[in-house]
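Okay, so subunit A shows up in both of these, paired with subunit B first and subunit C after.
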Partner chain A sequence: MDERPISPALKASALVMFIFLLAPLLVVLPISFSGDAYMAFPPSSWSVKWYGAIFADKQMTAAFSVSIALALVVTVLSLLIGLPAAYALVRLKPPGAEALGSLFTAPLLLPTIVLGLAILLVFAPLGLLGTFQGLVAAHLIVTLPYAVRVLSTALATLPIPVEEAASTLGAPPLTVFFRVTLPMMRSGMVSTAALCFLVSFDEVVLSLFMTGPRISTLPVAMYHHVEQQADPMVAALSVLLVFLTLAVVVIVDRTAGLAKTFVK
Partner chain B sequence: MSAIALPARSARRIGPTGVVMLLLLPIALVNAVGFLWPVVNLLRMSFKETQATGALIDTVSTATWATVLSDSFTLDLIANSVGVSLFITLLTLVASYPIALYLHRSTGLWRTILLVLVIAPLLTSAVVRTYGWIAILSSQGLIANALLFLGITPPRLMFNLTGVVIGLTEILMPYMILALLSGFGRLDPRFEEAALTLGATPWKTFWRVVVPLTAPGMALGCLLCFVLAISSFVTPKLLSGGRVFLLATEIYDQAIVTLNWPVAATLSMIVLVLFGAALALYTRALRRIA
Partner chain C sequence: MIRTAPDEMAGLKQGEGFLSLRGLTRRYGPFVAVDDFNLDVAKGELVAFLGPSGCGKTTSLRMIAGLVPSSSGHIVVNGREITEVPPYRRDMGLVFQSYALFPHMDVARNVAFGLEMRKVAKADAAARVREAIAMVRLTGKEHHRPSELSGGQQQRVALARALVVRPSILLLDEPLSNLDAKLRDEMRNEIRDIQKRLGITAIFVTHDQMEALTICDKVVVMNHGRLEQVGTPLEIYEHPKTAFVAGFVGRINRLAGTASGGIAEAAGVKVAAPGFTGPVEVMVRPHRIVLSAGAAPAGGDLHQLSGTVARATFAGDILEYEVEAGGVLMKTEAATRGGETVHAPGTPVTLSWRPQDTFVYTAS
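After this line comes the complex of A and B, so read on.
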């Protein structure tokens, strides 16, 4: 890369746009420490009471537990379903592998509002609305495409001679897979898991169609809360969520490299 | 003979095709039940009708399509959604371009830090970021209080289209920046140097060299942002307080509040038709650029 000097005009406009891009995330932190009863910026007094309010709010804590459990189940299932699929498509290359790959990633092309409605219309008569299983199924439809894509890339970039060496030395195919291929895919698996976890944990539109009075996820509970009153509790929750996301991102960065995961 | 072959028999019996099918079975099931069937069913639903009482009639007719396409409210809704989405796409492009170009030209650790700053909002829930915009735009928010401090009566920035446009532009910026960056590979600094050496002003170099070279990235970013803008739901709903009517918000209301599934399905199909149109336009634009 050569070091072309960057013009001051570009620097200034990039700075302004960066401020615009990060503004909504930056204001959330001070508001979460507001001592006011309603949302105002800047707050007139400071306190940590809104962090306490989260844990006193039964609906929010219940929704948080659902979201964590949901994201974990969805992540594990995405790996369990996505890995065999990626292996079949990349390594066994059946006829029409490319078309199948497109079909499996097609749900991502559909706008979530349309996909959400489509799933609602099918799941409603099956009694899956407002159930944990229904949420798992709905989330899987959007996490699996990511899982298949990232795992396929991971598989395609593995050095095949290592696996060939193992089989030449007499290891049966399953042993080769579990003792050689899988350990080499560690970073790809971590990226996939992190991506699926975050997609499921942040998913709001599909969940809005699938949740009801009986069960809610955290983003949906937050959405309904903001719809009624945008008080500083949501800011406190947002700060916690940003830190959770940050933790996941740091884990990915340490094991797989962030830039490699999101920008090819 | 058969006794010797026995241990390998089960594996041999399913064969390579069987193994592939076995490995693909789970994802095929999820895809069929959660995607293919629902989409076909959605199309089918748009050809059903509802009675005046709201009861669903199981027929095959174009009555719902005819009603939706002759209703001036829905026609306005479609026109508004397309117009607003195009405007937001343009704003997103203008706001994202400097960041993408700056990122493209920076190097090393600084570039990584900036990239993380671009990706961070993408990993944050749209609800959180929309809440942040409420904190900035509401009548008790950052801008209103800053303007009041300066003695200026703040304009209404929320619960109207202004808020929706500002919020969605910011929400979509990371997608645009990443799309632009993916297309900036063609931007060889030597072309710019050549133009500058041959006497072009930096401004002229930008418009005649940099912009044409980065046009494919811009086209991709615009396609992505238009598609995301016209189908976005959370940000318009929260920032407009239900006062701005767009296709996505109307689909949700028809599906959940009014419970008119055929109309919701028909509107969804219209969104998909608009998607197709955007994709066709993109393909044509790309052919002209390249």
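After this line comes the complex of A and C, so read on.
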């Protein structure tokens, strides 16, 4: 990339934007170490007790496990479904492939609340409400469009001669796919996985419709907790979540390169 | 898919050529990319498919490799019909313009890929990979990724990768187009040397007539999906069968004329044109024309045309003129020997050339 001098005005506006984006975090971090019984800024005393409180809260830890398991299952399924779908759309080009591609991304354009209501109406008679399977199905509706999109782009930018070279060297189609196509798609796969994991882990609106007394996800549990009491535990939890997200981003950066993955 | 009857196969089983194409055709809807391509390539020959882009040369090569299905016709290699055989069972070595190396494998694993697919024993494979890498002079780069190599080195890896499996035919698809001029000359000779040394049958697709003429045993000139002429570089250059071949291979001057009674007249010049009647094109190559100042001396049996210099270009090793004569701009060029005068624009000159350097074609 070209090294061009950055003007002081641009630097200043970048700084303002950073402060604007990160300010909420700067407030949450001190509050998470508050010794008070309620959220206030600045805290009048300091403590790590609210971090301890998270792990003592059975509902919270259960919701956390559900969210992690849910995000993992949803990520794996998104890749398993998204990859063949993307391959079919990009490589086999069935008639109407473009229309199908748009259709697959349509859920992204619907307001989530509408989607949530629709899922509620469809899932209720099927007995899927308040179940892990139901949550998986609901989350897949949101993550699959991302998966198909990102994987299609990754597949469409692959140089076809490389696959043809493998084929002329004696590799049957499946071998070409596993030995050449898939390894070349690595960065696309990593970014899809990260995206699906974060989208599922963050999802609130759909989960609100799907959860109940038997099962809850972390964001929903946090939402209900804040509704009932305003203690700094949620702030402590938020800090943990920020670090979890950061960890995912760092993993993506190390394995595939952040700029290569998200900025295409 | 339409296939011709099996009896048409009679006679091309043996002896016709190591590689035989019979009526090979590829249609895309109404568009005919390759039309009724017939060719015999002898074992160990290097054959060029030469033509402008879109002439069907790459499509033909890809049909031989099995990457593009043929609409009709047959491909026979060493007596075995392979028209319906998938690419991974054809035993062809293909080198691409874009190199097409596996970016996630190092040089050694790229080269070893074909051997791995053929389940060659580890020790044997390792020895052959080492040998192939040495052949393209890349010893020491075994563990470099393709992205760490220059264009020329990448193309040499591609060549080693294609040759290590000892394919029945080596197919080269514009292998030099992405290289800079100096490297291109080097690689061109290297490809020729390796091909000769291994005695491998090879097809070289190119749009560059220099490449085709300089390293190939035989040149196939194609245009609009049709075969224009097949011959040695000398035949193609000295006896172009069609106006297209004359114009595409080497530089040429064109004069419009009319023929009757075995004589064609163009810009006042009368040339022998047996068998032609009606509008014709008379052609002569720039460096076969001798330019002399002033009016025409008695030229004997030379063809002569007088005109005036429109532009003179001194290019060091050659001296080029554009001469306005017979209503067109005629180009001439001559190697400089030192001491010649460069005629200024406006100078009256005479152009002379030998009858055997004159080509006549029916005007298109």
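The criterion applied here is as follows: the second predicted complex is superposed on the first by the 238 of 264 C-alpha atoms of A that agree within 3 Å, B and C clash if a C-alpha of one lies under 4 Å from a C-alpha of the other, contacts with A are read in each partner's own complex, and residues count from 1 in each chain.
Criterion: a residue touches a chain if its C-beta (ideal position, glycine included) is under 8 Å from a C-beta of that chain, and two chains touch if they have at least 3 such contacts.
The model shown is predicted, which means the values in this text are computed figures rather than measured ones.
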Which superposed partner A:112 touches (first subunit B, second subunit C, both, neither): first
Touched partner set for A:17, first subunit B, second subunit C, both or neither: first
Contacts of A:183 with subunit B and subunit C, given as first, second, both or neither: second
When both partners are placed on the shared chain, which of subunit B and subunit C touches more of subunit A: B
First (subunit B), second (subunit C), both or neither touched by A:170: second
Which of subunit B and subunit C A:161 touches, first, second, both or neither: second
Subunit B versus subunit C as contact partner of A:228, first or second or both or neither: neither
For the subunit A and subunit B complex, residues of the former touching the latter: 1-4, 6-7, 10-11, 13-14, 16-18, 20-28, 31, 38-42, 80-82, 84-85, 87-89, 92, 94, 100, 103-104, 106-107, 110-115, 117-122, 137-138, 140-141, 144, 148, 198, 202, 204-205, 208-209, 219, 222-223, 226-227, 230, 234-235, 238, 241-242, 245-246, 248-249, 258-259, 262-264
Subunit A to subunit C touching residues, read off their complex: 159, 161-162, 164-173, 175, 179-180, 183-184, 186
In the complex, subunit B residues that touch subunit A: 16-17, 19-20, 22-24, 26-27, 30-31, 33-35, 37-39, 41-42, 45, 95-96, 98-99, 101-103, 105-107, 112, 114-121, 123-136, 138, 140-142, 145, 167, 170, 173-174, 178, 181-182, 189, 192-193, 202, 227-228, 230-231, 233-234, 237-238, 248, 251-252, 255-256, 261, 264-265, 268, 271-272, 275
Complex contacts: residues of subunit C adjacent to subunit A: 65-67, 86-94, 96, 98, 100-104, 113-114, 117-118, 158, 161-162, 165
